[in-house]
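The structure appears below as structure tokens.
When the chains are written out, they are named A, B, C, D, E and F in that same order, and each has its own residue count from 1.
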Amino acid sequence: MQKKILYIDPVYDNSYLRAFKEHFEKIKNDDIDIHVTSLGEKKGPKHVEYSCYEAMVIPDLIKTVKEAQDNQFDGVVIGCFYDPALRACREIADNMIVTAPAEASFTIAKSLGENIAIIVGREKTIPEIKRNIFEYGMERRFSTFKSVGLGVLDFQKDHEVTMRKIRHAAQDAIENHHADVIILGCTAELGFYEELQKELGVPVLDASIAALKYAEFLVEINKTLGWGHSKVNGYESPPPEEARCFGIFDRN
Amino acid sequence: MQKKILYIDPVYDNSYLRAFKEHFEKIKNDDIDIHVTSLGEKKGPKHVEYSCYEAMVIPDLIKTVKEAQDNQFDGVVIGCFYDPALRACREIADNMIVTAPAEASFTIAKSLGENIAIIVGREKTIPEIKRNIFEYGMERRFSTFKSVGLGVLDFQKDHEVTMRKIRHAAQDAIENHHADVIILGCTAELGFYEELQKELGVPVLDASIAALKYAEFLVEINKTLGWGHSKVNGYESPPPEEARCFGIFDRN
Amino acid sequence: MQKKILYIDPVYDNSYLRAFKEHFEKIKNDDIDIHVTSLGEKKGPKHVEYSCYEAMVIPDLIKTVKEAQDNQFDGVVIGCFYDPALRACREIADNMIVTAPAEASFTIAKSLGENIAIIVGREKTIPEIKRNIFEYGMERRFSTFKSVGLGVLDFQKDHEVTMRKIRHAAQDAIENHHADVIILGCTAELGFYEELQKELGVPVLDASIAALKYAEFLVEINKTLGWGHSKVNGYESPPPEEARCFGIFDRN
Amino acid sequence: MQKKILYIDPVYDNSYLRAFKEHFEKIKNDDIDIHVTSLGEKKGPKHVEYSCYEAMVIPDLIKTVKEAQDNQFDGVVIGCFYDPALRACREIADNMIVTAPAEASFTIAKSLGENIAIIVGREKTIPEIKRNIFEYGMERRFSTFKSVGLGVLDFQKDHEVTMRKIRHAAQDAIENHHADVIILGCTAELGFYEELQKELGVPVLDASIAALKYAEFLVEINKTLGWGHSKVNGYESPPPEEARCFGIFDRN
Amino acid sequence: MQKKILYIDPVYDNSYLRAFKEHFEKIKNDDIDIHVTSLGEKKGPKHVEYSCYEAMVIPDLIKTVKEAQDNQFDGVVIGCFYDPALRACREIADNMIVTAPAEASFTIAKSLGENIAIIVGREKTIPEIKRNIFEYGMERRFSTFKSVGLGVLDFQKDHEVTMRKIRHAAQDAIENHHADVIILGCTAELGFYEELQKELGVPVLDASIAALKYAEFLVEINKTLGWGHSKVNGYESPPPEEARCFGIFDRN
Amino acid sequence: MQKKILYIDPVYDNSYLRAFKEHFEKIKNDDIDIHVTSLGEKKGPKHVEYSCYEAMVIPDLIKTVKEAQDNQFDGVVIGCFYDPALRACREIADNMIVTAPAEASFTIAKSLGENIAIIVGREKTIPEIKRNIFEYGMERRFSTFKSVGLGVLDFQKDHEVTMRKIRHAAQDAIENHHADVIILGCTAELGFYEELQKELGVPVLDASIAALKYAEFLVEINKTLGWGHSKVNGYESPPPEEARCFGIFDRN
């Protein structure tokens, strides 16, 4: 039976959807239909490097998740390495899986190695990612951050330049910080992991792809074994009537 | 010189503003003008016990913070014990102070005692608050959570019932978990701390009041000593032009 | 393309193989061939509740892993909740995945809830499991251990008795320790999760099944994306010639 | 109503009192009378860089705190970055506030940034300060120590030399360790913060001034809200009669 | 070659010296001369349950340590479970060993079991002891505190009563908190460990005796292997001339 | 009364026994008979740098420990810095002490200094040792690892080369990482500590010798005070009959 997963690029920009879709089609499981969407082409942040940009996209993100639920999606990926609004999205998911790149990458990386480095765009993003390192219990497997000095929207401008910068950062992490796994810590670092890991000889995780594959996994065990997000305590759903009354799923 | 602080009740409901204002007027510093606002009486969450409600109010919260900045406020309090969007609000604050109840309460409590208990409304809220216990480095001073089984909007319904429940929870924390400081871990638990601490003989922190007083303090040292939120790394502001272009401060 | 996973019950006893096989066949992915083996019916530990029993089975476990590698298996599960010899088995696995129940259960549980309880047989086993809670970074998501006072070989003696004991322990964890996910922390607790989670309303993880499903996942991403155990540092393989010279894979 | 705070330079040396007083007068709140004292000009340590010096000054420190209490002071600052005898002083303070530079600086710094560097005089002092980093829960916000190779009594010898050394250390912390807040981790580093933070563009905290301002804050909330050090458990006061009988407040 | 160790009861009271001496003589190594002293019968604290009492005895403690050094003692034990002034005493010890009951008990207990309970006199003492649990890295081996409601000077008043209370607390720790080692967390709990551990079937550590034996060990390896307190960084000694000039070893 | 300790070099190689014996005879206590053994000259690992080699030697290690117990040994040292099978060996030891180099070195180092560096042979070994740093609660006293690029069997090939490499690594740790104690983190680094610590001026711990001395200590307190490994919970022994039935102590 086919299962449906929605990858949400949580920005007001459709430019990347095609690239995500192409990458995902190549690596998805056969029994998965992968849909890719953004928040639309409305005025609004085109990247969420700043926490205040991230904040502005969350309501539409949540509405998109709600609609995925209503449209019988089996899983959703919140496509940003800050894992924005993960708890909120799990609250509103009834029996649908929700995951995100940092949770997924850290999970996988911890099974692959013991000294994990994260390549980020700009140093600005480090503190927020660091918080998730503790949240997900990865602090004792963490090696180092390396910043390549590129904004979110810069990564795809010149592949050669980006590749050179990421390669240099990854080599530095491996040689000087004993990294044995590399995470590309921004979903915009799409399209580099494969060549890099061949060159470097260690696993290089693409954050979006990690999230998609981990979503497939969680969806699969949910269907097969009934293991989904606990609806007790932290991920308890709001009373539907109250949520409706508060209009939290209304589109303007 | 008078300084202006804005307390934001981050909900679409003006019902509590008057009560907050009255409490704050009694305990504020003389050189502070305290303003209290909500996000307006629009359709939207009237409380933010659920993370998905919290998420929905953040954009208007951020716009309100931005307007406070534009209107020369010296400080802002985000009036919810989850400390929602604290990083985002600090990013957009140029040279204005932003704080919130959990940061403030934990800070003060740590100078008053060593075994701090938190009285919450419902168990639902514990995991999100627990995350902040780690975020603010209070885990080694933490004693216990006690839930009184009241939703956010229940606290003010019957003061006597609420008082009895909170008192009972606090006594339990003191007697069985060696608590030496009590935090009322919801801004809706307004109006109870004073009587309680007289009865119990240990400090009882009201989360809103703690946040206001801590804001006064941060504002004061900001003015006097130039110590404000660092604009390097984590609280770096977005480029104004980009923020404008993304329309993140536009009112619909 | 079919992939082959070997589940190793690391004891000298074939009695459980059939039960494991039956359970696994029901829940495995279509593209997986699942093989189940023990270490044979030789004299030796029939359970590994004691660390000194666990120690005695490790060489044959490693040889079995090596043979799986030689026989083109894609993944191996070490079927004991202590995750015995996980590093050693990953060292000798060239490009084959190795995982184990605690790693798998903790990983899955952390995506499902935030306050995870573990039901163990006897208290004897708690300290060794506790070490893995820290190893896998689950300490901040951990709720409580509950012991049901049953040895490894007792779980399957009287299903009704076992079910009653586990149910009671799980209810205690949920009601008094705010557990939102239950892990059955012994592979011998097979056959209970399904009924239990229906009754309890929270996810109940069977450790063996969690390990098998997580192995399927790691195998799948290994095949699709080339993400396998890093062979740098911690999981570096020994030089084949030296390993041969030391006879570490020789069957007596 | 005026409130009285006593800043104690816990050494047998009056040389610095005037400088402290002058700095404090410029930055104190209007409703605060700030008194500055040392332990007198008796024979004894003139600095407390060594823990054994620190130990020798504690009895007179405690007596000074007791006298402050008897003289209706509202708050006391223990003027050394090791925060010596903080628990002891809080025990003997009835309803008077006691704080100290490390507690105050760490508290403030954590609200201003997320990667805090500490500039110390000599490496000798690092382990004792490090212990307080854990005590106050600042380990996850800590960036690095930088030592400038100056003893406590050297800082004020040649302002230009000191400034150059501190500036260099701070720049190193910012550039190579991503520091976003600088703490001058010795009360003798007085008189440098202002110029430094202008140059560096990040907050630079003077430890004495941080302590004084935090004391003002704690005094203010104590007066206004009744929030003082809990007298239960850790800060419980000794029975007055016993304390008298043991002569612990007697001047020789 | 005989080695000399000084056990210092850091109070102004000789009443316990004889009891300590008698216990120590029975269990010391043959090549050790054990001396027992207090700070003399001067006016001053007769117990150090309060941190402010503890503070008052430290200068005389340090002078006593210095004299031990001058009199060619090989080791010193600071006889209080708070481990008062351990760093300071190590600074002034040239090549003499200094240790204390908490360091010693925690060290030994960690080699004997994995879930260590501490029986204290009054709850007042818990926060200060808890700080040492973190200082010595014992937090992951810690089970629980149990308070018996006895002041330091009460323990020896009625052995039967004390024994009953301690036994009850220890049984509670073993049965309800899975304790596998018991530490008697006050040096005044002398004379109970032997009978208790026979009854309880788990090791029961007497804090003073643990400290003495650990001191013997550290002295022995110091003599044999040259392993003493590092004089670099944290335990660096003050310049002798300065120490003399500051009069820190002068008796009044 | 003489006590007997067995040092087990857990490899199939007698080459090092003589060197260990000679070193131990020089530094052991008079009342100790020190025996040194390997696992015999059978085919098998001659070093245990790889976890899979380590795994292969454990059954014979356990049998050797069992025989030591049967032959009235008072203590056993597992002579490898990974502390292999420490729990298992403690389980099977009735009233015999078992310890190992990492436990012993970390314990001693923590009483000697506060910033401990470990010199290892190859980086491969770091992750497994790092796990023990957390296991033994040394993370807050840890400074840095330095690898000298030598395999276990290389250390004794050319003393001059080895000495030069270790010296260089230790100096680097002291100068650039503020190390105040050095641990030679491989038992094969025998014969270097003495000269090194003279040159470097900080304690340099030989891992084997630390283990032997700590074993002497634990044996001595066991005999004198009855403090041995708790047989409750973690170190509970298996039922003798079952162990016999499982043949876990049978020699092939």
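In this section, a contact is a pair of C-beta atoms (placed from the backbone, for glycine too) under 8 Å apart; a residue touches a chain by one contact, two chains touch by 3 or more.
Since this is a predicted model, take the numbers as computed values, not measurements.
> Smallest number of touch links from subunit B to reach subunit D?
The fewest touching-chain steps linking subunit B to subunit D number 1.
> Walk from subunit C over to subunit F along touching chains and report the minimum step count.
Counted as steps through touching chains, the separation is 1.
> In contact with subunit A and with subunit E at once: which chains are those? Just list them.
Under the touch definition, subunit A and subunit E have B, C, D, F as mutual neighbours.
> Rotation angle, subunit B onto subunit F: superpose the C-alpha atoms of these two copies and give the value as a multiple of 5 degrees.
Nearest-5 rotation angle for the superposition: 180 degrees.
> If every chain is reduced to the average of its C-alpha atoms, which one ends up farthest from subunit B?
Chain F.
> Using mean Cα positions as chain centres, tell me which chain lies farthest from subunit D.
C
> Give, as an integer number of Å, the spacing between the C-alpha centres of subunit E and subunit D.
30
> On a C-alpha centroid basis, what's the spacing between subunit C and subunit E, in Å?
Those two chain centres are 44 Å apart.
> Residues touching two or more other chains, restricted to subunit C: which are they?
114-115, 123, 126-127, 134, 140, 178, 233-234
> Pairwise, which chains touch?
A-B, A-C, A-D, A-F, B-C, B-D, B-E, C-E, C-F, D-E, D-F, E-F
> Would you tell me which residues of subunit D are touching subunit A in their complex?
Result: residues 114-115, 140, 178 of subunit D touch subunit A.
> Touching subunit E in the complex: which residues of subunit D?
By the definition above, subunit D touches subunit E via 12, 43-46, 49-56, 58-59, 61-62, 85, 87-89, 91-92, 123-124, 126-128, 131, 134-135, 233-234, 236-238, 243, 246-248, 250, 252.
> Report the residues of subunit C in contact with subunit E in the complex, numbered from low to high.
123, 126-127, 130, 134
> Which residues of subunit D touch subunit B in the complex?
27, 29, 99, 103, 107-108, 110-115, 134, 136-141, 174, 178, 180-181, 193-194, 197, 201-203, 205-206, 209, 213-214, 217-218, 220-221, 224-235
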